[in-house]
Structure formats: C-alpha cells, structure tokens
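Each of the next two complexes has chain A plus one other chain: chain B in the first, chain C in the second.
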Partner chain A sequence: MLGYIDNIREISKRLLDEGRVDMIIGFRKGTIPLMNEPCFVKNSGELSTLVWDSNCGINLANYLTDRKEKIGIVAKGCDSRNIVTHIIENKIKREKLVIIGIPCKGMVDKRKIAGMFENGIEDITEEDNIIRVKSRGVETSLNKSDLLQENCALCVHRNPVIYDELAAPLIEEQKSVDRYADVLRIEAMTAQEKWEYFKDLISPCIRCYACRNACPLCYCPTCFVDESRPQWCGKSQDEIDTRTFHFLRAYHCAGRCTDCGACERACPVGIKVRQFTSKLNKDCLDMFGWEAGLSPDQRPPLDTYKPADPGDFIK
Partner chain B sequence: MEHMGVEPGRLSFSWISSAESTKFVDVVKEVTATVKALGPNINFKKTAKVA
Partner chain C sequence: MKVIKIDKKDWAGGIEKIQSSYRLYGPVKSDAFHDFKALEKGELPDLNFSNTRVSPKSVVYPQSEVMFEYSLDEKDAEHHILKDAAKDYSPKAVLGIRPCDAASFLLVKRNFDTPEYKDPYWIKSYEATTFVGYACNNPCATCFCTTAGSGPFNEEGLDVLLVDEGDCYYAKVITSKGESLLNAAGWKTGADGGAPDKIAALEKEAGSRIASSVTTGRLKDKKTTELYEAPFWEDVSFACINCGTCTYLCPTCWCFDIQDENSGCSGVRMRNWDSCMFPLFTIHGTGHNPRGTKLQRVRQRFMHKLKYYVDKYDNGIQCVGCGRCIRSCPVNIDIRKVCDMMNSYDPKACACPAK
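Our next item is the complex of A and B:
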C-alpha cells in the first residue's frame, strides 16, 4: 500500500489545481508512531504532508458531516461505505465530493504492536507485508498479516464502494472469513453469562466517549449522553450507567455500522466495543440481508417497510 | 438486548391499536406474568448513588 501515496498526491494536486475541490481530506504523519492523523490540505504546495501506510485507521467520513465546501476525500473501503451512509442520511451532498478510492489491505492494530515493545517504539516503517519496528535502536521485522486490526482481518469490503478516482487497481476481496465467530460464541452463552461477559468487557470504561467521537455515525448536535434535561443516561461511572451508554450507542448504529473499527481504535483503555455492534450487524444481515453503506440508492432497513420484514418478536 | 445479557422475557414489544382494548389487557397480563416468573431484576439495578 506504500506506493499509493504518489498517486494520492498526484490526484490531489490535479483536483486542487483544477479547482474541482477546495480541500483534500487525507492523512499526515502523526506526532508519535502508529498514529497518523487526519489533515485538511487546501493548497497543492502542502501535498507532501500527505502520507499513506497501515496506520491510517481513522475513518475520514467523520470529517465530512455538514461541510459546505467541495471536498476531495481519501477513502478506504469502510470510509467509502460511511460516505454512502452520510449521503443517504443527508449529511453531505454527493456532488460536493470527489472520492479518491483506496483499495485497502487492512490497517494494523496499534495496541497489539505497542504491547509487543515494552521499551516503546521509536519508528515504524513498512514494505509490502513486512512491518519494521524500531525500539531502543533494535529493529524487528514483523508480518503485517499477524498484526491487522480485528475488523480489518475480517473485512469483506476492502475496495471502495463509490469513488471518482482510484489510487490503485482494485484488489481481490477476502472470501473465506468467518466474520461473526465472536457473536456466535456469545450467542451460545446463557443470559447470566452474557451479562457477566459484557460486565467484564466494559469494566475499564472511563466514559470518555472517544468511541462516540471517532464514529462517523455519531453526528447529533447534542448526544443523548450529554443531555441533562431530560437526562437519558446517568453520567457516573456506575456499572449500570456505563452499560446503558454502551447499549444505546450500539443501538444508534444499528443498520448503519460499517464495522470500520474506529470506535475500538479510539478507545484509550482497549475495550472491544465492536462486540456490541457486530451482533447488530449480523442481525441486519440475517434478517434484512442488509449491510450498511453499499449503495446510495438503497434505503436502510430501519426506514423502509417490507411485508416480509421479520415481526415475530412483536405480540 | 438479550445478546447483551438482559434475560429473555424481561423486555417485550407490542403493537396495539387504541381500539384493541382486549389485546392490551391480554398483553399486559402476559407480560406481568412473565416478569413475575423471572423475579426481581437483580442485574439492571444501580448500586451507587449519583449526584
């Protein structure tokens, strides 16, 4: 994926110079390794700051909400699906966008890598499928496929679903992945076991709402957790308040989540927050044959009625 | 909700028209009976006091 950057810069330069876009949303190198950060490039002289490697896990669709400029946006498979969701939900107009599609081979799990090097990481470079990590002057080579973020390892939509330009030829999608193994494992538990499982899962939660902020779906002007009149959800770190927050956050993503993993990546204490949303994603697929953000012409299952919709749960 | 550990039967959904009084009574009876059978909700209960 390293070779992509020349094409990204070239396309961006053309778009900016021709005046087709006012800015490009892409990634620049972060201040510390493994943490590339989103950036807005407004003139072609600054294009050299743009980078592309396996540390670009943040979902850039999050930066499009209600923007009025003409925007060129660098989009991985998941980003492009969130752009589609934004278009469906009227948060951005398709004609305002020039989408630079990136066939994505997965992002690395920064927590996994950081956990392998006690002495900290000075620098990280990569080449095809090899990640080289420098820690206290010692360089270690690692296999990228062992280090992928969980959602990337299970991804079946690596290619962007909509794009105007492509930074590289489309790649083959992964086929034989068992996306919902975790969900099935939890489904097999008893009610009390499930309760305890999620209790343990969210016990480190500090209610910082980083998962919400990183999520492109969470764009409400006032989030339910910030409201105090009425107060929908307790603001303390009481286990029940925390659980209510995670329940509701997940439900707000039902039928909309693209499993981009931004929430999990953003969590400062490493909670697997995708465990909540993947069940809803699986249900949407099983019950409505729906995966979010695949086409701007399809309405999502929660705002359409079909006579065949499952309704057995309603008395 | 059941996936996240809420016991089956604790939560019910129903669609009842304002004209369907008998259905309303039936559903309420059924729901209360199920919830009574489950006993008090020990899980979703706040232990700490919030300001």
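Our next item is the complex of A and C:
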C-alpha cells in the first residue's frame, strides 16, 4: 500500500488546484511508531505531509460529520461504508465530497505489535507484506498478515464501495473468511456465562468514551450518558452504569456498524469492544441479509418495515 | 543519605511483614498491561514493568469516591442531613511507583492543599500513604521526565527510592516515613560504601536513555491572549475525538464532578473524575456552553497545563513527562509537539501550519 501515497498526493493536488475541494482529509505521519494522525490540508503546497501505510486505522468518516466545506477524503473500504451511512443519515451531503478510494490491504494491530517488544519500539518500516520493527537497535522482520487488526483480518469489503477517484486498482476481496467465530462462541454460552463474560470484558473500563467518540456513528449532539435532565446513567465506576453505557452504545449501532474497528483501536485499556457490535452485525446479516453502508440507495433494516421481516422474537 | 540493601530473596518476606500494618498497592499485570491495584495477602508487586497504563493517582484520589451519605426517608429523624461517609485512612503504601508519578502528587497537592482551601479526602489519603519509588533503569521512548521537572531517579514526592541492582535493591531512605516502612519490613542492612557510586552510574545511564524532551523556558513570557488566539489550535485540535483518555490517564489531571445518587430512600454524594475534553464539563444550566467546540476544549487542556498553571504557581508545567497521553491518545495528539509550538510561538512571525 506504500505506493498509494504518490497517487493520493497527485489526486489531492488536482482537486485543490482545480478548486473542487476546500480541504483534503487524510493522515500525516505520527510522532510515535504505529500511529498516524488524522489531518487536513488546505494548501496544495503542503500535501507532502500526507502519508499512507498500515497505521491509518482511524475511521476518517468521523471527521466529516456536519461539515460544510467541500471535502476530498481518503477512504478505505470501511471509511467509505461509513460515508454511505453518513449520507443515508443526512450527516453529510454526497455532492460536498470527493472520495479518494483506497483499496485497503488491512491495518496492523498496534497493541499486538507493541506487546511483542517489551523494550519498546524505536522505528517501524514496512514493505509489501513485511513489517520491520527496530527495538533496542535490533531489527526484526514480521509478516504483516499475522499482525492485522482482527476486523481487518475478517474484512470482506476492503475496496471502497463508493468513490470518485481511486488511489490504486481495486483488489481481490477476501473469500471464505470465518467472520463470526467469536460470536458463535459467545452464543453457545449459557445466560449466566454470557453475563460473566461481558462483566469481565468491560471490567477495565474507565468511562473515557474513546470507543464512542472514535465511532463515526456516534454523532448525537448529546449522548444518552451525558443527558442530565433526566440523567439516564450514573457517572461513577458503578458496574451497572458502565454496562448500561456499553450495551446501549452497541444497540445504537445495530444495522449501522461497518466493523471498522475504530472503537477497539481507540480504547486505552484494550477492551474488545467489537465483541458487542459483531453479534449485532451477524444478527442483521442473518435476519435481514443486511450489511451496513454498502449502498446509499437502500434504507437500513431498522428504519424500514417489510412484511417478510422476521418476527419470531415477538411472543 | 542512608542506603539500605535489600537482597531480592528477602523481598517477599519483608512485604509479608508490612502487610499487617499497611494496605499495599503495586503494579499488577492483567492481559498485556500493568496497573496499580490493591495487593492481596501474599501477592507481590510485579516490578517487571516500564509503567502502568493508568497512572497511580487513583490510589490517593479514586475515580469515584463517596463523600457523604444521607437518608430521604422522612420517618428517619435525621433525614436530608449529609453525614460523612466511613473512610479508611489507615496507613497504606504504594510499592514500585515511578518517580514521575510520585512527583505528580506534589503538583496535584498545589490544587488540593492550599492555605485557603483544603480538600480533606485528598489530604488525609495522601498523608496516609508511603511512596516507595522504583527508579527507571530503562525509560520508555515517550518519557520526557527530565525536561518536565522530574527524572528517572528523581526523589521528589518519594519516601523511599528503590534501585534495581541485579540481585538486590538499593533503597535510598528519603523520609522518616520511608524509614519506618523499611524497618517494619525488616530491611535494615546498610549498603556497602560503593552503593552511592553504583546508583549514580545507573542514574547517569538512565538519564542518557531519555531521548525525548520538551522546551518550556519561554512559556511564562508568552502573552496568554496571544497564545489563546494562536492560529495553530485548529490544526492541533482537528484529529481530537474529545474522549477522556488523556485526562483520565494523566497523573496530574485533578478535575472532578459531584453527583448525588439515590437508591430508594437513601443516597450518597460522590465525586467522580471529570474531563475538560467533555462538553458536559462546562455546560451551564441554561444550556449555553462557553466551551462548546472541540477546538476550545483542546486548547483549554494545553493552556491549563502549559500556560495557566505555569503562570499561577511559577513552578514549571503541569506535567511530569510520563508520556501516557502520548502513548494512549487514539489519534496521536502529542503534548511534546504542542508544548514546543506554544513555547516557540511568535504571533508576528505567525508560522502557522494550519494556513
């Protein structure tokens, strides 16, 4: 994917110089290994700051919400699906956007890599499928395919679903991926086991809301946990309040989540937040044949009614 | 200064001895991370760590703390009267706290313990605590303590400083509180005469490994209004998602919110950490929010730590250089970069990266 950046810069330059967009939203090189920072560029002379590599996991659709400018945005498969969701939900207008599509070969799991090098990481470089990590002066070569974020390893929509420009030719989608093994494992548990499992899962939560804020779907002007009249949810470390937050947040994403992994990536305490949303994604697929954000012309299943909708849950 | 030598084979035994007189806290590993937790009987602190993901500030200042209890039952003679919640201020000790984190308590003290206002909960909890530090022989790449008023062997805020010397720990006795703990543990063997030199050599080596820094010298001379209006804030704040990671992980962030929580006819008044990154932090009862935008909130965090605090206390920045906010920020906002931008800002030159 490293070769993409020349095309991204070239396309961005053309868009800015022709006045088709006011700004480009992309990534610039991070100040620490395994991180890049979302940024905007308004002046085509500064496009050299843009980068593209396997550390661009943040979902940039999150930076489009309610913006009024004409924007050129760099979009991976998942970002593009969240852009579609934004268009459907009237959070951005299609005509305001020029989408620079990225056929994405997956982002690396920064925690997994950091966990492998106890002495810290001085530098990381990558080339095709090889990641080279320098720690205490010693270089180690690793296979990128072993280090992907879990959602990227399971991704079947790597190509952008909507785009105006392409940074590279479309790539082959992953076939025969077992996307819901984790969900099936939890579904097989008894109610009590599930309760304990989710209790343990969120026990380190510090209620910083990074999962919510990193998610492009969470754009409510005031989130239910921040409402104070009435106050639905307590603010302490009470585990019922923490559960209320996580369970309701997940349900608010039902039929909308693209499994971009932004929530999990953002969590400072390493909670596998996708364990909640994956189940809802699977249910939407099983019950409605629905995957979020594939087309701006289709309404999501939870805001439409069809006579054939499953109703077995109504007793 | 007195230096005690603790043979590592005497470590567990000493800890067992002090467990009856101190509530012990120390780094404990769960999954891939270490965090400071209360140690169970017989549990040892895991000192094989660089630093914990969340700071140890919660040992003195918990994320949620009940201050008062009350009854709303009008049949109760003392209904609607706040009563102090039961507290345990018996001695406790933090084992293995890093020097930067220990120094952070002195910064926070400037807020919670002033001639005018005294926060009883924080002060009593702080005074009950003995801080047993653990010098950093191998600082992380994101540590910038040496330019943030601390250092890998810094003693400020500590009662004892442990230095790992292979088969033993050298324990520098800094206060009488520290000496009492060492005595209670039965660690009394004085170190040999060469210990101070060995410690100094390790300290020098650790200092040379700190590869990261901030420049702060000109912050005080900058005009507050000019920094406030600097054009770089749009660029700095763009990526921010306004989560509370930086403030909740920070050892020096002290803000809290007070809440009453009722259950049936009884309730508690508690305080919980709050974050200037949240819109709710500043919203008024009218619905007006004086810090209604992301840019304003991001600016507030940096201006507080790197300008208002500097001006108010004349004692450096409100940061000890632990690097947690840099390591854990989901979008890579880096206080070192922002600090340098503020420190070198010249409104006349206006070298604004956002333009």
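By our rule, the second predicted complex is superposed on the first by the 314 of 315 C-alpha atoms of A that agree within 3 Å, B and C clash if a C-alpha of one lies under 4 Å from a C-alpha of the other, contacts with A are read in each partner's own complex, and residues count from 1 in each chain.
In the analysis below, contacts are C-beta pairs under 8 Å (C-beta built on N, C-alpha and C of every residue); 3 or more make two chains touch, one makes a residue touch a chain.
Treat the numbers as computed from the prediction; the structure is a model and nothing was measured.
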Who does A:Ser145 touch here: chain B (first), chain C (second), both, or neither?
neither
Quick check on the superposed pair: does A:Phe313 touch chain B, chain C, both, or neither? Answer first, second, both or neither.
first
Under the stated touch criterion, name the partner, chain B or chain C, that contacts more residues in chain A.
C
According to the stated criteria, A:Phe40 is in contact with first (chain B), second (chain C), both, or neither; which is it?
second
One more residue to check, A:Arg265. First (chain B), second (chain C), both or neither?
second
Touching A:Ala191, do we find chain B (first), chain C (second), both, or neither?
first
When the two structures are overlaid on chain A, which partner does A:Ile240 contact: first (chain B), second (chain C), both, or neither?
first
In the superposed arrangement, what residues of chain A touch both chain B and chain C?
234-236, 238
Residues of chain B touching chain A in the complex:
1-8, 12-15, 27, 30, 43-48, 50-51
Give the list of chain C residues in touch with chain A in this complex.
30-33, 35, 50, 53-54, 63-64, 138, 140-142, 235, 238-239, 241-245, 248-249, 257, 259, 261, 270, 272, 275, 278-280, 326-328, 330-334, 336-337, 353-355
Chain A residues within the chain B interface of the complex
183, 186-187, 191-199, 234-236, 238-241, 243, 247, 250, 276, 279, 313-315
Touch list for chain A against partner chain C, complex
30-32, 35-40, 42-43, 46, 58, 62-63, 111, 115, 118-122, 204, 206-210, 212-214, 222, 226, 228, 234-238, 265-270
